[in-house]
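A quick write-up on the structure given underneath.
All chains are identified by letter, namely A, B, C and D, in their written order; residue positions are counted from 1 within each chain.
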Amino acid sequence: MQGRKLTNGFMLSRVGVKGVKKPVQVNRGDRTVTLICTIDVFVDLPSDQKGSHLSRNLEVISDVVDQCLSAPVSGLEDLAATISVNLLKRHEYATYSESIITAEYFLERTVPSGRKTMESYKLMAMAVDRQGNGLKKMIGVEIIGMTACPCAMETVRDLQKGNLRNRDEFVPNITHNQRNVTTILMEVPENFTVEANDLIEIAEKSFSSPTFEILKRAEEAQVVILAHENPKFVEDVVRANLTRILEKYGDLPDDTTVTVRSESQESIHKHNAFAERVTTLGELKGND
Amino acid sequence: MQGRKLTNGFMLSRVGVKGVKKPVQVNRGDRTVTLICTIDVFVDLPSDQKGSHLSRNLEVISDVVDQCLSAPVSGLEDLAATISVNLLKRHEYATYSESIITAEYFLERTVPSGRKTMESYKLMAMAVDRQGNGLKKMIGVEIIGMTACPCAMETVRDLQKGNLRNRDEFVPNITHNQRNVTTILMEVPENFTVEANDLIEIAEKSFSSPTFEILKRAEEAQVVILAHENPKFVEDVVRANLTRILEKYGDLPDDTTVTVRSESQESIHKHNAFAERVTTLGELKGND
Amino acid sequence: MQGRKLTNGFMLSRVGVKGVKKPVQVNRGDRTVTLICTIDVFVDLPSDQKGSHLSRNLEVISDVVDQCLSAPVSGLEDLAATISVNLLKRHEYATYSESIITAEYFLERTVPSGRKTMESYKLMAMAVDRQGNGLKKMIGVEIIGMTACPCAMETVRDLQKGNLRNRDEFVPNITHNQRNVTTILMEVPENFTVEANDLIEIAEKSFSSPTFEILKRAEEAQVVILAHENPKFVEDVVRANLTRILEKYGDLPDDTTVTVRSESQESIHKHNAFAERVTTLGELKGND
Amino acid sequence: MQGRKLTNGFMLSRVGVKGVKKPVQVNRGDRTVTLICTIDVFVDLPSDQKGSHLSRNLEVISDVVDQCLSAPVSGLEDLAATISVNLLKRHEYATYSESIITAEYFLERTVPSGRKTMESYKLMAMAVDRQGNGLKKMIGVEIIGMTACPCAMETVRDLQKGNLRNRDEFVPNITHNQRNVTTILMEVPENFTVEANDLIEIAEKSFSSPTFEILKRAEEAQVVILAHENPKFVEDVVRANLTRILEKYGDLPDDTTVTVRSESQESIHKHNAFAERVTTLGELKGND
């Protein structure tokens, strides 16, 4: 029935399925990890066809994921790319395909004192295939960190000037600090590699401080001191990420797209503060 | 501190606040209703300025919402527009402003038997102001309805042909049906009006059947029969909405943007089916 | 069909509907406010009856809410109580009824500098009616505030002793602080009144500092200083609430149930800290 | 600081951390699977102690999860139990400990046509340890399935009696059907085993039909027909689960607690239908 011809239909931009859950085997350096993925896939639909064959989407996902059992993919963006390419093959009427994958992810980190911990992150990957127009892959990460407000720190210091004279240089002052969620989404151009682990490292260096699952007393103080020595607005966090992305990926093509978002769950407000840059490496190189 | 000059900064696309909650007085025909709004607002930030003055965003929202107490706005898109215009005024460094508002909404409907009920919906409004480039307003609705699958209905009928010969004309056959969430987001060009109530009516006519809070036994059967007499894929739901939007708003300018989305919480799967069209009235008039 | 007799059924503890949305008129002192309520209602079902008449639940809700148009209730717990009583009347087979209502709520507050703002909260109400065993009403609030960690503050001070000698008395030291969500749920015994506004005031006084929608620079500093002068664990927040509840409601019967929960969205961790007390006023009076 | 003595404190029922994420190795028959777990843990706190040592909670979780690398647990309830036991050991002041674990889970199923698919579920586990009062373990599952309404089916048939005479026996009539989420939470008494896989099988047999990720046309019709041959209210779903639980676990002690919940995302309404039984095997054996 989906294949039936329509005479007065409209084309549809995206038709597909959302929220398909799959365990996927992924190669991370020397080990294979299992990622529990949530997958959305779409293709376009011409105006003269009644419906898209949705079951084919599930078959494509299932086939591609099964292949990972014998040959684990090296990254979720490659998995997304393979799914998108196969979506176009299976939906012969489609000229556009899109797949979006998200998954929880874990990485070993080192707390300021040198102890190892396991921290949790979110991975995102996306691939768009346009018939005759090439494949575009994206890899992304969502990272939780900490921001300390530089403005309140300065205002508090000003208010306490009488008490605090001559101490400005060495006493980082009190301020509000909070949980921040930063997202980096970056295109992976053909013949180039962008490692999610590197994006996580970039993001964690761009907070006032990264956060950790277990902190003993002295380590907790170290994190607090680090955050107060690096007070940052959400705007600063986004810019610090952009600077590091430019340093790390300056060799990638100018039209490589980059999105950085940072959202602070303000401790002094009930709402969140937010900053975002949607750009290309070329624009960033132009120092804009 | 936010106003400080930077020499090697990057411009930021959007800086602002998310999740501000406000009760707003809105004029709906002859009565004033209270909408509990969740509001996000953003402006851009030039590369040479350290931070955006976030507290100004809250002041703008608060001022504009307070004005509604004495002069209720006629629609959320007008509220969003006023906020966006004032954001640009208050952030003198900004060239772009954006505001997004969502709210629960209630409307009296009539069940097939003629009884009145109160049904719940979600309203969305958005306004973008670009310095020297005009203001763009959007109004949107999110509506819950019901879809019955035409494909399974046909397959079941084929399977039961022996039993059901000669009855095809008058017996709508069994199929899976489910809760569907449809979203319409439409630009409101200057000097034109797009009523959220009309969009809700368009969406409810485009399901297999609308849904209702209270259904007595016979009414429940009527809804079930109506849905089975109008079996629809998510693709069909989106196209039915596009057809009605074109009929109702054919007089609006060709560049008026329209997005229609439909997501079915499939009763036979654990995942959802999804269809979307992002377009303009001009493209729709071209029957594409 | 629901009324049919079963011979080998099981009784069911709760059967009903969840997520019914309704605008409700409520009397708050001298004004009538509209609350957008989400309502769940349940009754029990005897083992020998096939089904509960779910449409009656919707009729009860609708009737009771409609009555609020002419005679607004004074509190959501009264609305919940009226619904629960009517549920038992309409479901003649039921011996237990329960209704739960939640709603966004707004209240004028005063920032430390004396300026007025409008802050958002969540209200909860619950009523259980047991045939022949009386009606029990609960009112609750969910409030966002700020906590500053006393332990990290002390550790930082210890680490910096060399630098900070003699300053301990007047310099609150840096620490991590964060958004905290506190919930109070309290029984309202017959012939007594518990005002949601009072519970909000109790909770806001029990944080390190309340939070505000709009803060000008100096006000932001005042909030930060206040929070650092009142460093609190989640444990401290719960106990501070219990102390104030006991002061305010010591005259209520000993078997009045009270639950206080506090959850801090830790700025130095990706997980939350949590503390809870489920108790009665009698136990609290016994200083346990 | 947490260990400091208080003179007028209140005891706290539960103090701990929520939302800790961990990959865990679990033995499922002949293979080891990775479950991405979200973990909440709590202990009580005496009235004379200022705070609970929250970092110990993280150390306990981390230690116990690390042990799974060399010796995978056989079930999440055993993991929860080991965590709860160790929480009491590490918090020497505590008399109560509680741990709650949830995880996505996948299982191979067979569609009506005999083809194999991989379906997704949610696991839950819980363990409470009371000093001197023994350990209590719970295992639970959350399963998505399909319900078809028996009442609307009958009403439709009655309405169409003229047309449908003599066909009642073999034509299941049209009705509304929808996605249903059923939860079973069951105690695992000492020396007994309750397999999550068995609970999933019980739940899937208790729907009108289980649901599947991939369904080819004929299989889709089979699922639709199966659902219409087994029309069920949420009440029926809960009772069918209770019946199967009693059959399977009748040998377990009478005081074994069982909770079954079923929630239907009604296709004809915007709200959900819900039924629940909280009980013990003993009560069920008494046919109540």
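In this text, a contact is a pair of C-beta atoms (placed from the backbone, for glycine too) under 8 Å apart; a residue touches a chain by one contact, two chains touch by 3 or more.
Predicted model, so just to flag it, every value in this text is computed and none were measured.
J.: For the two copies chain D and chain C, is the contact made of the same residues on each side, with over half of the numbers shared, or of different residues?
T.: Homomeric contact, same residues on both sides for the most part.
J.: In terms of C-beta pairs in contact, which of B-C and B-D ranks higher?
T.: The comparison resolves to B-D.
J.: Which chain has its C-alpha centroid farthest away from the centroid of chain D?
T.: It is B.
J.: Taking each chain's centre as its mean C-alpha position, how far apart are chain B and chain C in Å?
T.: 32
J.: When the centre of a chain is set as the mean of its C-alpha atoms, what distance in Å lies between chain C and chain D?
T.: 27
J.: Whole-Å distance, chain B centre to chain D centre, using C-alpha means?
T.: Chain centroid spacing, chain B to chain D, equals 35 Å.
J.: Name the residues of chain C that each touch 2 or more other chains.
T.: Counting only residues that touch two or more other chains, chain C contributes 20-21, 58, 120, 151, 213, 215, 269-271.
J.: Which residues of chain B touch chain D once you look at their complex with the stated criterion?
T.: Within the complex, chain B touches chain D at residues 119-120, 144, 146, 151-152, 155-156, 158-160, 163-164, 170-179, 209, 211-213, 215, 217-218, 220-221, 223-225, 227-228, 265-271.
J.: Within their complex, state which residues of chain D touch chain A.
T.: Contact set of chain D toward chain A: 20-23, 33-34, 36, 55, 58-59, 62, 104, 106, 117-118, 120, 213-216.
J.: For the complex, which residues does chain B have touching chain A?
T.: Its residues touching chain A are 1-2, 8-21, 40, 42, 45, 47, 50-52, 54, 58, 150-151, 154, 233-236, 238-239, 242-243, 263, 269-279, 284, 287-288.
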